[in-house]
Amino acid sequence: MLESIANIKRQYIVDLAAEGKRADGRNFDQYRDIKIIPNYLLKAEGSAYVEIGDTKVIVGVKYDVGTPFPDIPNQGVMTTSAEFAPMASPDFEAGPPGEDAIELARVVDRGIRESNAIDTDKLCIIPGEKVMIVFVDIQILDQDGNLIDACGIAAITALLTAKMRVYDEEGNPTEEFVPLPVNKTPVPCTMAKIGNSIILDPQMDEEMVLDSRITVTTDEEGNVVAMQKGMAGSFKLEEIMEAVAISKREGQKNREKIQKAISESE
Amino acid sequence: MLESIANIKRQYIVDLAAEGKRADGRNFDQYRDIKIIPNYLLKAEGSAYVEIGDTKVIVGVKYDVGTPFPDIPNQGVMTTSAEFAPMASPDFEAGPPGEDAIELARVVDRGIRESNAIDTDKLCIIPGEKVMIVFVDIQILDQDGNLIDACGIAAITALLTAKMRVYDEEGNPTEEFVPLPVNKTPVPCTMAKIGNSIILDPQMDEEMVLDSRITVTTDEEGNVVAMQKGMAGSFKLEEIMEAVAISKREGQKNREKIQKAISESE
Amino acid sequence: MLESIANIKRQYIVDLAAEGKRADGRNFDQYRDIKIIPNYLLKAEGSAYVEIGDTKVIVGVKYDVGTPFPDIPNQGVMTTSAEFAPMASPDFEAGPPGEDAIELARVVDRGIRESNAIDTDKLCIIPGEKVMIVFVDIQILDQDGNLIDACGIAAITALLTAKMRVYDEEGNPTEEFVPLPVNKTPVPCTMAKIGNSIILDPQMDEEMVLDSRITVTTDEEGNVVAMQKGMAGSFKLEEIMEAVAISKREGQKNREKIQKAISESE
Amino acid sequence: MERCDGRKNDELRDVHMEVGVLKRADGSSYVEWGNNKVFASVYGPKEVIPRFLARNDKAILRCKYNMTPFSVEDRKRPGPDRRSIEIGKVTSGALEPAILVEDYPNSMIEIAIEIMQADAGTRCAGITAATLALVDAGIPMRDLVASCAAGKSNDEIVLDLCKEEDNSGQADVPIAIMPRSDDVTLLQMDGILTEDEVEEALKLAMSGCKTIYEMQKKALKVKYGG
Amino acid sequence: MERCDGRKNDELRDVHMEVGVLKRADGSSYVEWGNNKVFASVYGPKEVIPRFLARNDKAILRCKYNMTPFSVEDRKRPGPDRRSIEIGKVTSGALEPAILVEDYPNSMIEIAIEIMQADAGTRCAGITAATLALVDAGIPMRDLVASCAAGKSNDEIVLDLCKEEDNSGQADVPIAIMPRSDDVTLLQMDGILTEDEVEEALKLAMSGCKTIYEMQKKALKVKYGG
Amino acid sequence: MERCDGRKNDELRDVHMEVGVLKRADGSSYVEWGNNKVFASVYGPKEVIPRFLARNDKAILRCKYNMTPFSVEDRKRPGPDRRSIEIGKVTSGALEPAILVEDYPNSMIEIAIEIMQADAGTRCAGITAATLALVDAGIPMRDLVASCAAGKSNDEIVLDLCKEEDNSGQADVPIAIMPRSDDVTLLQMDGILTEDEVEEALKLAMSGCKTIYEMQKKALKVKYGG
């Protein structure tokens, strides 16, 4: 029953796509409206509220002081977690993060980590002993599709606006704060393959019927810093390269939105 | 089916209550027989076995040495846990404490904590480094209603009889023991609202049909140190104040029973 | 249904046993073929792959440096875990070890521990501060009966071939390695009671219908160092003593197989 | 003695309420109460999973109260702790009396409260928000549930403790009421109060609840008119 | 060489048994054995949850052995550890042969053993107590199960090791038997024993079990007469 | 610049494959790929437990990727970590397109991948092994799935990074394809690559997949002839 309804919906969306159309009238390579509020919270060292259409997420950045990994004794640590709060979707359950939440957090994390966005050397307080642990916590409020891009935008915005406490040479906290050393703005762009069409920023109904999903994260220099095919299904080589090209172009637009929102909030 | 039997039982108890009666013949503001055995166990630093009617619980107090909370560096720590052993009721499951066990432990804990019964300053061994952690562990043997009062009485009795190891100035353990610094005897009194009646010390059958529950914890000076409305249902302001008055009066009686049991056990 | 098939199978195996026969033609006190590959892995400090018939297991030994138990400050620690990977049997589930995996690990552990096979004094780096933690991890690949013996043989083989890093007097790691100090070769022998027969090395089909199980672990001096009755059912005193005698005899044969495999691998 | 934020003893912090802020949830709301930022959602009435929890005489309520890791000064580990579980339970007990649960046997109503920023009084803000989300979800109710705390600070009974007052405070009494009948559906208290102070605090908290009640009705009117 | 508590080599510690000590449980008992304090309860036969564990040829047994946090010298974290899980499993295997499980297909018997104070020999005390609780619950049995350990201490085979002997001891052999048939239903052993010592220890432990058996019958008689 | 192990830029490490290595599993395989040692098993199609996960239009896939505690330099705690869970998920997505899942509605296929020794490239080895186990289990498939990575090391695009190259490497691009159609069913990438380098890496990885594909067919022929 549920499956047959899904199949009817699927057919409708596939048929639309075959005609070059989407249910909400967007172009294949068009995002929904994006709203970015940096510094959304007081208690977090950095934060952002992001909407893509009706998808709503909040990211908060907090620190703790901890010990470095033995093999990188003079580097701080970033760790990214996502919570699929039962608020955000009838399909989300309370409990430890499921595989979807883990994949989301890891794809967002990888884009930031692999682009070397954070200068983790500067998070070292005392080499081998004390470093800063940066917690990037993702909270989903409303799941209306394309969580990866909403969370990726929120995460880098929260990091770009985060303040970091200064420690003195003995490793004691001072009252001084400086911006977190973030040098890049990696942005993920996610596309769905439905039938033979590649559509950007899938809305929930599209997500439910997609054949496959691809995320490409790019930096301001046009480099690709992370990719992830999601779900079942497959892509041709040329489709992947098309996704890379779209991501470079649309990622740059979203990067400008982030920068505009930050500069307006200051 | 189960619900209809419960409804018949409920009607019987509600009807009784409307006539001012209880199934076991008690007055509305009357406890079942209370039996208190302090120092019930050898291996615990403090302990008590308590029966209220057929409800039976054991509380054991143990210590460990740990680090204080950063914001209260010169104070020891008390932590209270309750285990609903599958032994005690066909409704209890093995596994991590459920919400009922957590509420029970927290209500018992709050009465002791908020009354400042334990002089936690004296549990400090080396400020900021080493303090005593006092574990109050509650074990339910037989759940025949009103666990909160049985556990609250057992917990404070166990604490009042607990011995504490003396540490020297360097923070090393000596062979000397002194009583745990407990200065107050907070006692919880729990009442059920059934129909329009407020009845003290609900027995299991009453608990199963109650509309709402209220616990008021008082100290020897007649102060209220904790309150908790439990379950669904509601209370009028005057009912709450009636519950406070009953708790002051009956709590004092139970306090005397505790003191008598302790002095007889010494 | 499942139970009735099991009962038919059971009857067949019981009838065979009553005639002194086994489904695969073995004698009652005969092992299936045993294959032992020491040093099976590169990344483990010690390892072994063991087959008993179609039962296949791998044991890896790893170290970590940790703090000793307070009551034995100058002794290293051995800890044994078993993982019933879902690969090994349709009855195994992913998740934390169930009671069968825990019993298996504890019976294997007990044989090694109680025989004093490892000279744990030599695992002490700095008394009271730093000792070696030896992790014996058991991985089941194919469960075709008698996991205890396969794992017991693999565990002691892995330990006997394990290398241990040398620490200097300040407790710092050197580049020198020496063999792990293992002085004994405890070997478990497991028997099933089916009807009135005691059969050695039960194959899966026999395990599924056994009445009871007994494991006797012996050392090279013919001492008994661990025993465990498993499952329901019961043994007569004389049956236990028969099991002890078989274990001494067959355990010695398996011990020789272990030694042969190790010497051939060097 | 003046209060930390200059309020009068019977004065609430600034409170802002919004109804219907989420798309997927059947009902939702957002409440800002001083520096507290709270979202609430409602799903249901829906099928009970697992089945054996279903009751044939009423809907069951499941209430999850959660603090995000970044809602407090020191990062909180994700997932429920004992405090959250207890607050979820008493919140459920505070809301159930107002809901016509008997109209929906064999079903379940799921309430989620997410604290994005915490600054004393989150459980009152959460109950207040959850009530708005219940109405937004179309769940039939006897009355709204309005929640507010009173407490003792600097030896005086005051309304709606802020964080500094709560930390150094002498007592805190969070309650919730159904304002039409003055039925108290949430009552907790910690600290040390005389019998008279308990009564004074309860009365003050009830007056605070009534102010909150008016704000709730206004927020619903903004959304639904009428 | 004298034993730590002055007992003879074939002498048990003081043992006290009581049947039917709890109201809610279908059957219950309390056993004091030296300094061990053990409660046991039985619920059932009852419906199997989850269903797929049910067997159509017999009742299934579920046995939970638990040590309270305050039962031992250093506080134990609440919840099952690996030792408890193993003891629960072998206890179940020790009791099942005595129970007419085949009379109750598709049902479940739940046994809980709670160690309030531990002082060597808790598993034997637990099995002994659980047997009394099974009878108290009216579960039909072939025979009682009586449990006792023998061990090696100071180079001698002795009955019922106390804590000091267990800590410094050379071997421990806890067993359980159905005394009418001398069927051994529990057997564990750790330490180092020769083949002859194993036999000596088993025989001594069996004699201990028979003493326990007489005490069990007496305790049941106190409760049920006859 | 020479590669650490002397390979050419488009050269694979030594790869060895074996089909049908386990008795209990419906299908199984063993793959050695450089120093990686990987077992894979398949059970099913079988009944879906829990039931509510079943789909009436296709079989569901459950894929568990696990690293044993002794597979890596520093002992790994047993049990799934976040990395393993993600790899299980993308592996499932890499295999599903090749399986005729629509032929087995209301059923489940369970795939387990156990890494006994890890040395860069375990997910590619795992997908390659799982494909062999699926065929061994008789699961009907559109094509085999062959997996291989390309990456960037010392400023060059190279095939099949070894551990040293992976640790110091500039990018890694593991993929899987169905070689008959060149459909890419796994794609991950981390590091920093230009658009052109991405394309170069993908093409190189695809050529590696085709070599793997030939080895898979050979290993199946060894087992099944034909």
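Things to note:
We call the chains A, B, C, D, E and F, going by the order they appear; numbering starts again at 1 in every chain.
Methods note: contacts are C-beta pairs under 8 Å (C-beta built on N, C-alpha and C of every residue); 3 or more make two chains touch, one makes a residue touch a chain.
What you see is a predicted model, and the numbers here were worked out from it, not measured in a lab.
Shared contact partners of chain E and chain F are C. With centres computed as the average of Cα coordinates, no chain lies farther from chain D than C.
With centres defined by CA atoms alone, the chain at the far end from chain E is A. Separating the centre of chain A from that of chain F, both taken as means of CA atoms, is a distance of 26 Å. Once the centre of each chain is set as its mean CA position, chain D and chain E turn out to be 50 Å apart.
Annotation: 48 Å between the Cα-based centres of chain A and chain B. Looking at chain A, no residue sits in touch with two or more other chains. Chain D has no residue in contact with two or more other chains. The ring of chains, read from chain B with the first step to chain E, runs B, E, C, F, A, D.
For chain A in complex with chain D, the residues that touch the partner chain are 41-44, 47, 54, 56, 58, 60-64, 81, 83, 85-90, 94, 96-97, 135, 137, 139, 141-144, 204. Taken together, the chain E residues at the contact with chain C in this complex read 55-57, 82-83, 85-86, 88-90, 92-93, 96-97, 173, 178, 182-195, 198-199, 202-203, 206.
Partner chain A is touched in their complex by these residues of chain D: 22-25, 28, 35, 37, 39-41, 43, 46, 64, 66, 68-75, 78-80, 110, 112, 114, 116-119. Only residues 3, 7, 99, 102-103, 105-106, 110, 113-116, 212, 214, 219, 222-237, 240-241, 244-245, 248 of chain B touch chain D when the two sit together in their complex.
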